[in-house]
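Listed after this line are the structures, all set down as structure tokens.
Both of the next two complexes hold chain A, though its partner changes from chain B to chain C.
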Partner chain A sequence: MNQQLNDYSQAVSQYIENLPKDGGDWLVAQRSSAAERFTEIGFPNAKIEAWKYTGIEGLLKQGFETTDKLPEFPEHAVLRQFLEEPVAGRLVFVDGVYQADLSTCDTAGITVGNLRSAMAASDRAVLEVIGSLSGMGDHGFAALNLATVHDGAVIRVTSETCLEQPIELLHVATKSAEGQALRSRHLIMLETGASANLIERYVALDDAAYFNNLVCEISLAAGAKLTHQRVQLESPRAYHLSDIHLGLQADAYYHGINAAVGAAWSRTLIHNRFTAQGANCELDGLYLAGDGQLTDFHLDVDHAVPHCDSRENFRGILHGAGKAVFDGLIQVREQAQKSNAHLYNANLMLSRHAEIDTKPQLVILADDVQCSHGTTVGQLDPQAVFYLRSRGLDEQRARHLLSLGFASEVIDRFENETLRLQLADVIRQQLQS
Partner chain B sequence: MGLPNTEMEDFVESEYAQGFVTEIESDTLPPGLDEAVIRTISERKGEPPWMLEKRLTAYRHWLTMREPSWAEVRHPPIDFQTISYYSSPKKKPLLDNLDQVDPELLATYEKLGIPIDEQKALAGVAVDAVFDSVSVATTFRESLAEAGVIFCSMSEAIREYPELVKQYLGSVVPHKDNFFAALNSAVFSDGTFVYIPKDVKCPMELSTYFRINEANTGQFERTLIIAEERSHVSYLEGCTAPMRDENQLHAAVVELVALEDARIKYSTVQNWYPGDNEGRGGIYNFVTKRGDCRGDRSHISWTQVETGSAVTWKYPSCILRGKDTVGEFYSVAVTKGMQQADTGTKMIHIGENSRSTIVSKGISAMHGSNAYRGLVRVAAKAENARNHTQCDSLLIGDRCAAHTFPYIEVKNPTAQVEHEATTSKVSEDQLFYCRQRGLSEEDAVSMIINGFCKEVFNELPMEFAVEAQKLLAVSLEGAVG
Partner chain C sequence: MMLSIKNLTANVDGKEILKGINLDIKAGEVHAIMGPNGSGKSTLAHILSGRDGYEVTGGEIHYKGQDLLSLETEERAQQGIFLAMQYPVELPGVNNMTFLRESMNAIRRSRGEEEIDAVSFMKLVREKADSVKLDQKLLKRSVNAGFSGGEKKRNEILQMVMLEPYLAILDETDSGLDIDALRTVSDGVNLLRSPERSMIVVTHYQRLLEYIEPDHVHVLSDGRIIRSGGKELALELEARGYGWLLEEAAA
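The block that comes next holds the complex of A and B.
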């Protein structure tokens, strides 16, 4: 492990040294301190509570490389992945590299761009936001991301702009990503009273093994509203790690709808600390884990001020030898009176070798609050299966139909119909395999 | 129901009712812990060499361990070399009857309401009173002996029933289990031993009162209950301690073994000195309690009412090894002043059709901190395992804390596991309803809290249920309204 840590540390310092010097001093300084932080904290291990059930040995063994390679890909294959609906703006990343030709944005009130050009232009307004919500990183991977960040989306919606159409943020992985560690970092900023709908997707064209190590910072100014639909459909050999940090100002509203279906190993952390009153955060999620897959969701909702609401609803389906980990922490600090926080996690186990480790947590330090959590692990109701069989469906189809019904509570939360249909299709296919 | 107000006032004035110290000469080892101390303990208790060997093995292992820090409790570090590990009332010539017992000691029992005299025959409770570390008197031995039940102190069991002790001691909680279990295995002073033979339903509820008396002496109780096939037993444990300013360490180990079709019900009311409202003094209570449902269809039920101690660290657990086994955990934990409790349970489902129920009610008031920490694990072979967990926390005042940390690990697709938890304060609506029916605010709160805990109190044996309600009212006095 230490050997590996040294290798990584060396690779990181080399990467920073080789960077073009026009990247702006400020970010280089940030990178160096993140590299130091990485050397200091190293990789997480099973002794760290948050990583108890999520092993990273497989990920480290792959030895993914930190290089900036330009991808080669057939354009039409990427175009096929686009949403059918008209969009207010589109950002396309292939193997972590921004594709200006494929990206569009001609709607008033939003500016989209990529981090790399912001770095090249030493755009302080953008660069200074980096790390403002995520810090240096709570674990080694997040620190690595900051130290070696390659590119990412920068989306800003100006004050009082209400977008009718969604913004699409598309990540495509091709076979040239094989063996690579992709390090993207997204900044999404909504100014006062703005409202937007963001669709973020991770898809793969080929069956490559790569490591997508992402950090996303989302800041909502007072009264801003963001609906964030997020679908992870990485290649079945991929590793995917997302750290999402939310900053909600007074009366801001964030609704995140997440689906984690692909990747051999995936972990999504959603961290939200309420720092202004009247904000509301809702998170829905669906995860599916089959043979050889590990899917992990970590939610960390911190009520640091009074009068904020949070609601979380996560559902998981385990089949084959799939393993899922769920950890949902709700914290209410001393002064955060009148907080409402509710979390629900349901898990459906369809097969003998599946495993689920779930841990909802409440840490409550204020008294005038309404907090609850509930979690269940169970299987399909045999009577419901029997009912469907008596209507002429075979056992397999009956079970798939019921599993889909279980998932639909979260799928229906996706506002975009294409996404809903696509997800239902993927789930059906996965269950059949 | 709450107590009438006059009675409440009495309680307020009386501070900690059980806070008195009995002055009896006792034979105490100087503070410190090394192999020589363990040899001395073993020698004083007249133990056979195999027992000394067990203690030394545990001690040597303990030296390699570190004190755990994961619990949601804060306290100054414990210096294990400043504690005296053995204290026994001075040896007296053998006594023929109660009259010859030191009247001071009897008076202490009177004050505590320990039923050591004839009156208890009517109550049908046999009491093995542990005064500090050595069992002083045991009653009802004869009627129990008739049924074949062995109910005696651990030291006596080591002397009289070495085979049983050798077979079962440490078989549920091995000395390597955790830091405090290792310490206990090395230095345990005394405790209770219960053996219920096959097909016997224990004729009465068994009960032990523990008292920590000597200043600066840790109590390291060791309890072992063995229920043979088709036997039943209900065991009550109640605790009070005199008021002392220095923190006292208590690290008990309780082991339960239930064989085929056996049933063990273990009830605890813990009311040790919690320290004053600024957090001075109070007992540190680090307990390892575990029941092993070894036989098919066996049943272990833990019920606890925790109102005392400055720091509580306690997770009565069930290993559901046999088929169709049942584990239950019912708990009320109250923390006020500066009290901290990190308590919960583990239900390890190994056998087919094993079922478990967890009901945990936490009440935090003033600066109290209360954490539920539980684990439900369903092993790959535990077909049709079933668990339902309910954790509710009630917060009184804006300086207190309530935490819930359930761990659920399932490796079998036929398992059904449910967990639900809520945290809130006493509902304004309920309070308003009671007030407009003419109840004072204090009575209303008391009534609502009792209702909140009812599910757990219902599981307690009659005598304890009454005591528990009284205790709750007293514990929360000054914290509500």
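The block that comes next holds the complex of A and C.
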């Protein structure tokens, strides 16, 4: 392991060394600190509670490398299927590389661009925010992300702008992603009173094995409102790690709707520490895991100030030998009176070989609060299966319909109809295979 | 013959519930099965629909000439058997309209027919929902989830009129219904009456039979049919209760 860490540290130093030094601000100081942080903490292991059920041996064994290899670019026609939705702005990344010609933004009040350009142009307004919500990284992968970040999205919505159409952040993985560690860092900033709908999608054109290592910082100024629809449909051999850090100012509202369906191994952390009153954070999520899949959601909501609301509703379907981990932590600090915090996690087990490790945690130190949490792990109701069969559906179809019904409570939360239909389709396909 | 039951015996949890049922139902006939609680009425209805948890220990059931007991639940439905349930199941997240359409198409596919197209389906379901006075809004909701007792029963009848079964079994459909709902449910049933369709109406009370006039009435007690007659038998039961019949049977 130590040898492996040394190899990584050396590769990181090399990477920082090779950054273009002529012009621009390549965040060298932050990168170097993050590299030190990585050397200090290394990779997470099973002794760390948050990683107890989410092994990384398989991921490390793959030996994914950070290269600057450009993707073998797919036909535009193949990509077009992903670009049909009308949007206020769109950023497209292929194998982690920004595609300016596929990206659009001609809407007043928003700017979308990529982090690499911001670094090349020494854009202080962007660069100063990098790391402000995420820190250096709570685990080795996040530290590596900051140390060697290649590119990412930068989205800004100006004060009081209300967008009708969504902004889309699309990641496409191709076969040339094989063996690569892709690392992107996204920065979403909504100014005072702005309101937007962000679609973030991860799709694959091939079944390549790659590692998507992502950090996303989302900053909502006072009264800003963001609906964030996030769909992970990575390749079945892919590894996907997302750390999402939220910063909500007074009366800001964030609604995250998440679906994790693809990838062999995926982990999503959503972290929100309330630091201003009147903010509201709602998180919905759906995960599906079958043979050879592990999916993990970690939620960390910290009520550090009074008068904030949080609601979390996550549903999982486990089939075959699928494995899922759910860890939802809500902390309500002593001074955080009048907090509302509710957490719910439901799991549907379609097979005896599936596994779920679910851990809702509520730590409440204030006394005038409304909080609840609940977890269920269950199977399909035999009465319901019989009911459908008595109306002519065969058992398999009955089970699929009921499973989709279970998922629909979260699917229906997606505002975008295309996403809803696509998710229902993918779930149907996965359950049939 | 639509349905022929010969000397049917069945256990639930090792306990004998049906102790030799004999019943013949011709196409076009409506049979009422009455009897006190615990007599085996619902057990019989469930066995006909293929529900798990019932062990048939003897006898035969023939439906349109074939061995019914060898058919899976969905095959029975595909071949035209419909059970309107006493306690319709709630299916959270399963859209009522999707459910109806899936059912209709499953039955059509099994018969080698084309699936119904979306436009024709919508037209049909709206029209049929009106005919059973089911609020159109409930079509867009999850199946039975949060429906009142009456709405659930109307929804059962809607399924029945959509699926047009050959043999409809109504298991205590009248329980928990007010007079208005009872009338609507009965109207739905009467609408379906035809020379090629048969019905079994399982009920505890005579009340339902004021609206659905049976051709034959059978009284089930302790797992046996102890008396069969015409619709006047139901009236007699209404006037005299079950006691005299049970005493006669015991004598």
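Operating definition for what follows: the second predicted complex is superposed on the first by the 422 of 433 C-alpha atoms of A that agree within 3 Å, B and C clash if a C-alpha of one lies under 4 Å from a C-alpha of the other, contacts with A are read in each partner's own complex, and residues count from 1 in each chain.
The criterion applied here is as follows: a contact is a pair of C-beta atoms (placed from the backbone, for glycine too) under 8 Å apart; a residue touches a chain by one contact, two chains touch by 3 or more.
All values reported here derive from a predicted model rather than from experimental measurement.
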After lining up the shared chain so the two structures overlap, which partner does A:Glu409 touch, if you call chain B first and chain C second: first, second, both or neither?
second
Winner on chain A touched-residue count between chain B and chain C: chain B
In the superposed arrangement, which partner chain does A:Gln337 touch: chain B (first), chain C (second), both, or neither?
first
Looking at the overlay, what does A:Leu102 touch: chain B (first), chain C (second), both, or neither?
neither
When the two structures are overlaid on chain A, which partner does A:Pro360 contact: first (chain B), second (chain C), both, or neither?
first
So, A:Asp368: does it touch chain B (first), chain C (second), both, or neither?
first
Look at A:Tyr387 in the shared chain and tell me whether it touches chain B only, chain C only, both, or neither; answer first, second, both or neither.
second
So, A:Leu401: does it touch chain B (first), chain C (second), both, or neither?
second
Based on the superposed arrangement, let me know which partner A:Ala424 touches: chain B (first), chain C (second), both, or neither?
neither
Within the complex, chain C is touched by chain A residues 381-384, 386-395, 397-398, 401-402, 404-409
Touching residues (chain side chain C, partner chain A) in the complex:
49-52, 72-74, 76-78, 82-83, 85, 88-95, 98-99, 102-104, 106-107, 110, 142, 159, 163
In the complex, the residues of chain B that touch chain A are 70, 378, 380, 393, 395-425
Help me check something: in the complex, which residues belonging to chain A touch chain B?
49, 53, 318, 334, 337, 347, 349-379
